[in-house]
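The letters A, B, C, D and E name the chains in turn, as written, and every chain counts its residues from 1.
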Amino acid sequence: MLAEFGNILLFLIVGILFVAMSLMVAKFLRPDRPNAEKLATYECGETPFGSARVQFNNRFYIIGLMFLIFEVEILLLFPWVMVFQEIGWYAFTAMIIFVFLIFIGFAYELGKGHLQWDLPKPVIPTYVEGVGVVEEADEEEESPVAEPIMETNLNPKPN
Amino acid sequence: MLSWIVFIPILGMALVLLLPDSKRDAMRWTAAVVTGIQVVLAGIIYMSFDQAKTGINNIESLQFVEHFNWITVDAVPWVGKVNIDYFLGLDGLSILMVILTALIAFVGVISSWNIKKMVKGYFALYLLLITGIMGVFVALDFFLFFIFWEVMLLPMYFLIGIWGGPQREYAAIKFFLYTFVGGILMLLTMLALYFSVAHTDPVTGESVHTFNILHMMNPENFVDGGLLSGWDTTWRYVAWMALFINFAIKIPVFPFHTWLPDAHVQAPTPISVILAGVLLKLGAYGLLRINFPILPDATLYFGYFMAILGMISIIYGALCAMAQEDFKKLIAYSSISHMGIVILGIAAFNTQGMVGGVLQMFNHGIITAVLFLSVGVLYDRAHTRGLNDFGGMANQMPRYTGIAMIGMFAAMGLPGLNGFVSELFSFLGAFETYRWITIISVTGIIITAAYILWTIQRIYLGEVPDRWKELKDLTLREYISLVPLIILIILLGIYPSLAIDLINSSLSGLVELISAGGV
Amino acid sequence: MLNTLENIIPSPVIALLIFVALPLVLVSIYALFAIWMERKVAAHIQDRLGPMRVGGWHGWAQTIADMLKLLQKEDIIPTNASRFLFKLAPFLLFAASYAAFSVIPFSSAYIGSSVDIGVFYLLAITSLLTLSVLMGAWASNNKWSLLGGMRTAAQMVSYEVPTIMSVLSVLVVAGSLNLMTVTEMQTGNTTLGFLPDWLIFQNPFLLIAFVIFFISIVAESHRVPFDLPESESELVAGFQTEYSGMRWGIFMLAEYADMLLLSLLGSVLFFGGWNSPFGEFMAGPIWGFFWFILKGMVLVFVMMWMRWTLPRYRVDQLMQICWGFLIPISFVNFVLIALWEMIF
Amino acid sequence: MDQQILHSIGWFYPEIILVLTLCVIILADIIIKRDKMIGGRILLGGLILSGVAILFQVGVNESVFFDLVAVDAFAVFMKLVIIVAAIFVVLFSMNSAELSSYRSRIGEFYMMLSGMVLGMLLMVGATNVLLMYLAFEVTSISSYVLVGFTKKSGRSSESSMKYIIYGAVSSGIMLYGLTLLIGITGATDIYGINETLNAGISQPTMFNLSIAMILVGMGFKVAVVPFHFWAPDIYEGAPFSIAAILAVASKIAAFGLLIRFFSVSFGAVETAGGGIWEMLFTDQIPWDLIIGIMAALAMIVGNLTALMQDNIKRMLAYSSIAHAGYILMGVVIFSEQGVSSILVYLFIYLFMNLGAFYTAMLFSDSVHTESIEGYKGLGHRAPLEGISMTIFLVSLTGLPPTGGFIAKLYIFGAAVNAGWIWLVAIAGITTVISLYYYIRVARNLFLFKPEPNSEKLTFNLKSKLILGSLLVPTLFLGVYFTPLIEFAKQSITILGLN
Amino acid sequence: MNNLLITAISNAVLLSEPALEHFLIVGALLFSLGVLAVLSRRNVIMVLMGVELILNSANLNIIAFSRFTNLSVEGHMIGLFVIIIAAAEAAVALAIVLNMYNRHKTVNLDEINSLKG
């Protein structure tokens, strides 16, 4: 058994070796003439500005957390799958209960709209007598997640 | 009977609480009626009291006994059963105190008539306080004793803290903390006693730990291996000391006295009366009821110690009183001095001294009540208590002066008034046991005479300052509160046997019990 | 297989190395072929011819030429990048992708490592792909890259849930995590009397499971219509923006390897792996390899087909499909499959 | 096996009911949009049902789910106490102004709360190390979220973060200790551990290490010095109702866990008279002394620090640390007497501490300050509430005739009887200290005049009823406590202490 | 045969078959590192990583025990649950950290000190 795991290790090693080898070969073949322009970060030809390590929409974290929960649940289902046919109805019932409980939580998330990817709300300019055109921000609703914390607006939006 | 006298103020309290806020007079009258009933009950008790019965550690010779199981837990035999009794009883030790409490409580209500602030809360707390005090004097189960003891704390805190003088908060919390420290010490000792004492039930034959004070007095009831079992052991001394500190704080004896002047000065007049008249007696009573009979060996061991503390209290209190500018503070310190006499008397371990001590407790309660009331009379009119602010009151308020002077003279120990009798007995008893200490202590009497005469001179004699020309003499209500006390002062001065006969046999029994501790 | 190798080759160590390197040959050849094929498929779908010059017949050597070009290209690491992570990412990506092949039974005679936790291991190690993509993206210190990386991560982790749930559905029926065992279960020709005994035919709900599985693996290997991470028109190739030369080639290679891996997994789980569709006819280790690769390639072809047929989803639609649609269905389906198993 | 499972389910109704309650709250929260407080009502119903189900377990002694959970008198007592506390906390939260600005997600509050209660019920019943840890974490994780529930407040988010960091670290350390213990003994249920340990401890060093680590985790949960530092911050940041449940139910559950774990795992079968600590005296590490020192430190630190607090929540937090010290005295003794006095203490502590938190909540909600100085004169503006708060605080001090006195009496008595005089002395002294800060609140309530133009504070009937139902037991238990003592005694017979 | 290789590798690395002690030592090291991270790091995320290290060290312990002693499958079970708990805890912790960042604009523990007393 341990030897089988050894094989997996060898696979990993072979994979790494392959990459190393091809990069090595490339190193011998390729030119190496860097200059500042070449080494600059690519931003569609513009001079790069600021750091790229910007903050992201909370959505991504929520997805991550949700994924974590589901992965963990699946982790529990794996052993169950293995013994399911041996144990029979009892195992089935247990799984049903388990999946049901997770599902209820999931249904809550869905029902509350926590998994909706929020789309930008158009700000409609209105005309106010004597003031002119104002861009009225929507009333701040309590977002299901904490307020977005974007410093640079990099929220992936549809075109 | 005893339950009634203890719990009737609670009924009164409930009544007061149920009354609407506006009916202030109804509240006052309720309190007066309730305490009046107490006085009547005390009178009945006095009438039907059998003077020959000893009491103390003998259940047959206790009177008005009410005894039944209150809390019994016998599910698991870890330490036998848990047994807490509802056990009230009366003997020579407590009869005077009960009468005193009833009387002073009534007088207190009369003198609180002019309380204006939050009348409802005041009388509710006042009546609760009275229940606590009365309960302590009649409880014969340590647990019950402790509960009543602690019940007094909170009402007192608020009574001083809300209705007191300018520094009331400080005084109240000081009083509270001091007494609470003592309470904790007593609690721990009580627990240690509880686990050391097991009473064998005569009916079932099983051995039961008990809080019953009478059972604790019997050396045979101490179980083997208990913390306080044995005779003359260190733990017994420690336990005695813990209890003594608790009671000494209440009395108060010299190093534990500092709360007293603050509390007295800040408390409103009726509360001062209760405080000095009754509350201080609790300490000495506790010593006699708990320390002396339960731990006689330790009591004898610490005899000199008590006597010396008594001596210091007498002289120190008197000297401090002499230095006061404030009338109320002066009386407060004089209380320390007088309670020192009590300690000295009961530390003598002979019947004379004991009788002197107990009688002094009663007498001082009455005298000091008169004194505080007279301060109150003055303060109500003049709104100052400075001794130097007054003068010539004898001319301005002659009747008041007469009454106050009787109180003053009684405090001084003038023959013919009650103070003389008890002090005499105390010193006589003490002289047999501690000669030199007594001799030194007697000088305290001289100092007392000095400051009292000086006070009389400063307040009542001389010229009336212009600003006091308007002062009126006593009102009817003040008469009602003062006159009965004055009558008692004189009556007991002339015919002390009225009181002595009540307590004599009990105290002889107690002395015997203590002498057994020396064996 | 290993024994045979050991017999041929004198040194056992070398034999072992050859043994574990065999899939590499397959993967490389496949990658070269698939890239060429993709171009051809694309061209033909769009009524073009695609690369025609290099090599000869339909420009079959085009990808080889591309590879040679890649090898000669300058390797640029931007100044702002985190050099270590930047270099590490391709290694991790390919090694993880390749290590996953170790539990795939290529034929009845060849499986790299027949550990009992095969599928579990496979799913676990493919999670490293997400990590390495994100690593490369972050290390590039480029806004496009990071954005692409984040999208990739979000997409891959989201779709991992329905993938695994549909895999689990199969495993409920199969009762083993070892893919070799799973394949062996599907030998025979009994279902309904005429169909091959493949799992997809054994249980009606497994058909649904397969659909979910297929959709999910398309998204997992971020191909159209789920190719948002590298959508060239908006993100300039996403997480790969800063990679060039052979490093980029490795990324490409790994991506194709991933696609193959998931297709092969699908063929094992649903289509009988190396089993012949005709029962005993054309069975055996060599034929098994042929069938297996064929099934895998069919799935790959379908993916390519989709690429040139369907438009790209929006990011919110992408997530909605996964969380609002695939995951609930996969759960219900999972329960139903278990129920079916219990009853029949 | 099926038989065993079905049998077990029969004794598992309280927990099952809570799980169902949780599900129903979730569904109701999605479906019913208008009535936001529906979750609270459902939880209330679920808790009551669950409490009734627990009542059916009185007198039962079962070990269910293959020795995972014990349904015995001890568990029943603890569960009842926890359920009562939870019911009160739900009532508090429905009356709380703090939470009213979170109406849109109050459903989550009740979900988490029911999860927490479930965890606590399991904590007191668990006889398997794994389930113990799981229950511990279920409780903790729900409470992490609940502490940060009012997330728009900076304090709340900060406190929940501190809580999760301290909590995760200490539970991690406890887990490490548990794994060591499991490794040494080769058993995961505490009966098995006991059996192995009785045969002799092969690895004393590792064994002691594991006990120390387990104590870290449990010490954290009961907030005893030196693992207390989280409590004030967390209580201050958390909503009142959550601070209350942390101070009461969570502490009770942790004590239940601790008592069961120690008494069963380390109970010496052979030396029936030796007590729990006998077995633990390997390598002469006096664990009882160490726990005694912890208790003493808790009393001293808790009470002394409470003196300096101006925030009522912080004050109550330090007071609850001190109370953990008092309760821990019973653990030090670990005789039947000690443990039964712990139960008595916990029961009374439940009412008085909840009462204190509740009145504090009422005042803070109406005058918008948590500062004790800000309470000046409030006793005149709201006499009933003021008096109640005074009574609760007096009870916490331990003055007769309130329940707090009985609690202290029993625990002090047990300690005196067991000969821990120095510990009792410290307890006594610190009790006096505690008087000072408790009475300070009463002082501010009553000894100051209210602002001249301030109105009377009015509270609705519901809040008065809640107050009354806390006040009555606090007072009643001070004068008549026989049934409680009997109940407590019967509850611990199962532990086989002596 | 490939057993031989494994043995060779493991010999080279550990000079012996891995035994219980080795796992426990690694576990203890991980635990110490975790505690060190918790104590020395001021970044919340780092602290949480330290916590994960602690949990994993416990996990390693229990798995090792279950492999080498008579603990059998129970150890694995505990390991599984610990992973789950760790995940749940991490999920909650990250959410809380996120929320805290929104309020305080920092993830540095030293800078979060509004609660004092």
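Following the convention adopted for this analysis, a residue touches a chain if its C-beta (ideal position, glycine included) is under 8 Å from a C-beta of that chain, and two chains touch if they have at least 3 such contacts.
Note that the coordinates shown come from a computational prediction; the quantities given were computed from them, not determined experimentally.
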item: Each chain counted as touching chain B and chain C at once; value: none
item: Pair of chains joined by the greatest number of C-beta pairs in contact; value: A-C
item: Furthest chain, CA centroid comparison against chain C; value: B
item: Nearest-to-centre chain - CA centroid comparison; value: D
item: Geometric centre distance via CA averages, chain E-chain A, whole Å; value: 24
item: Centre distance in Å when chain D and chain E are each reduced to the mean of their C-alpha atoms; value: 29
item: Averaged-CA centre spacing for the pair chain E and chain C, given as whole angstrom; value: 32
item: Computed distance of Cα centres, chain D from chain A, in Å; value: 40
item: Chain B residues counted as touching two or more neighbouring chains; value: none
item: In chain D, residues with contacts to at least two other chains; value: 151
item: Chain A: positions in contact with at least two other chains; value: 7, 64, 71, 146
item: Touching residues on chain E, where the partner in the complex is chain D; value: 24, 31, 34-35, 38, 44, 47-48, 50-51, 54-55, 57-59, 61-62, 64-65, 69-71, 74-75, 77-78, 81-82, 85, 88-89, 92-93, 96-97, 99-100, 102-104, 109, 112, 114-115, 117
item: Of all residues in chain B, those that touch chain D in their complex; value: 71-73, 75-76, 78-79, 82, 118, 146-147, 150-151, 153-154, 157-158, 161-162, 168-169, 172-173, 176-177, 180-181, 183-185, 187-188, 191-192, 194-195, 227
item: Complex contact set, residues of chain A against chain D; value: 90, 100-101, 104-105, 107-108, 111-112, 142, 146
item: Residue ranges of chain C touching chain A (in the complex, touch as defined); value: 16-17, 20-21, 23-24, 70-81, 90-91, 94-99, 101-103, 112-116, 120-121, 138, 140-147, 150-151, 153-154, 157-158, 160-161, 164-165, 168, 171-172, 175-177, 228, 234, 236, 241-242, 245-247, 249-250, 314-316, 319-320, 323-324, 327-328, 331, 334-335, 338-339, 341-342
item: Contacting residues of chain A [partner chain C, same complex]; value: 1, 4-5, 7-8, 10-12, 14-16, 18-20, 22-23, 25-27, 29-34, 36, 38-44, 48, 51-54, 56, 59-60, 63-64, 66-67, 70-71, 74, 77-78, 81-82, 84-85, 88-89, 92, 95-96, 99, 102-103, 106, 110, 115-117, 119, 154, 156-159
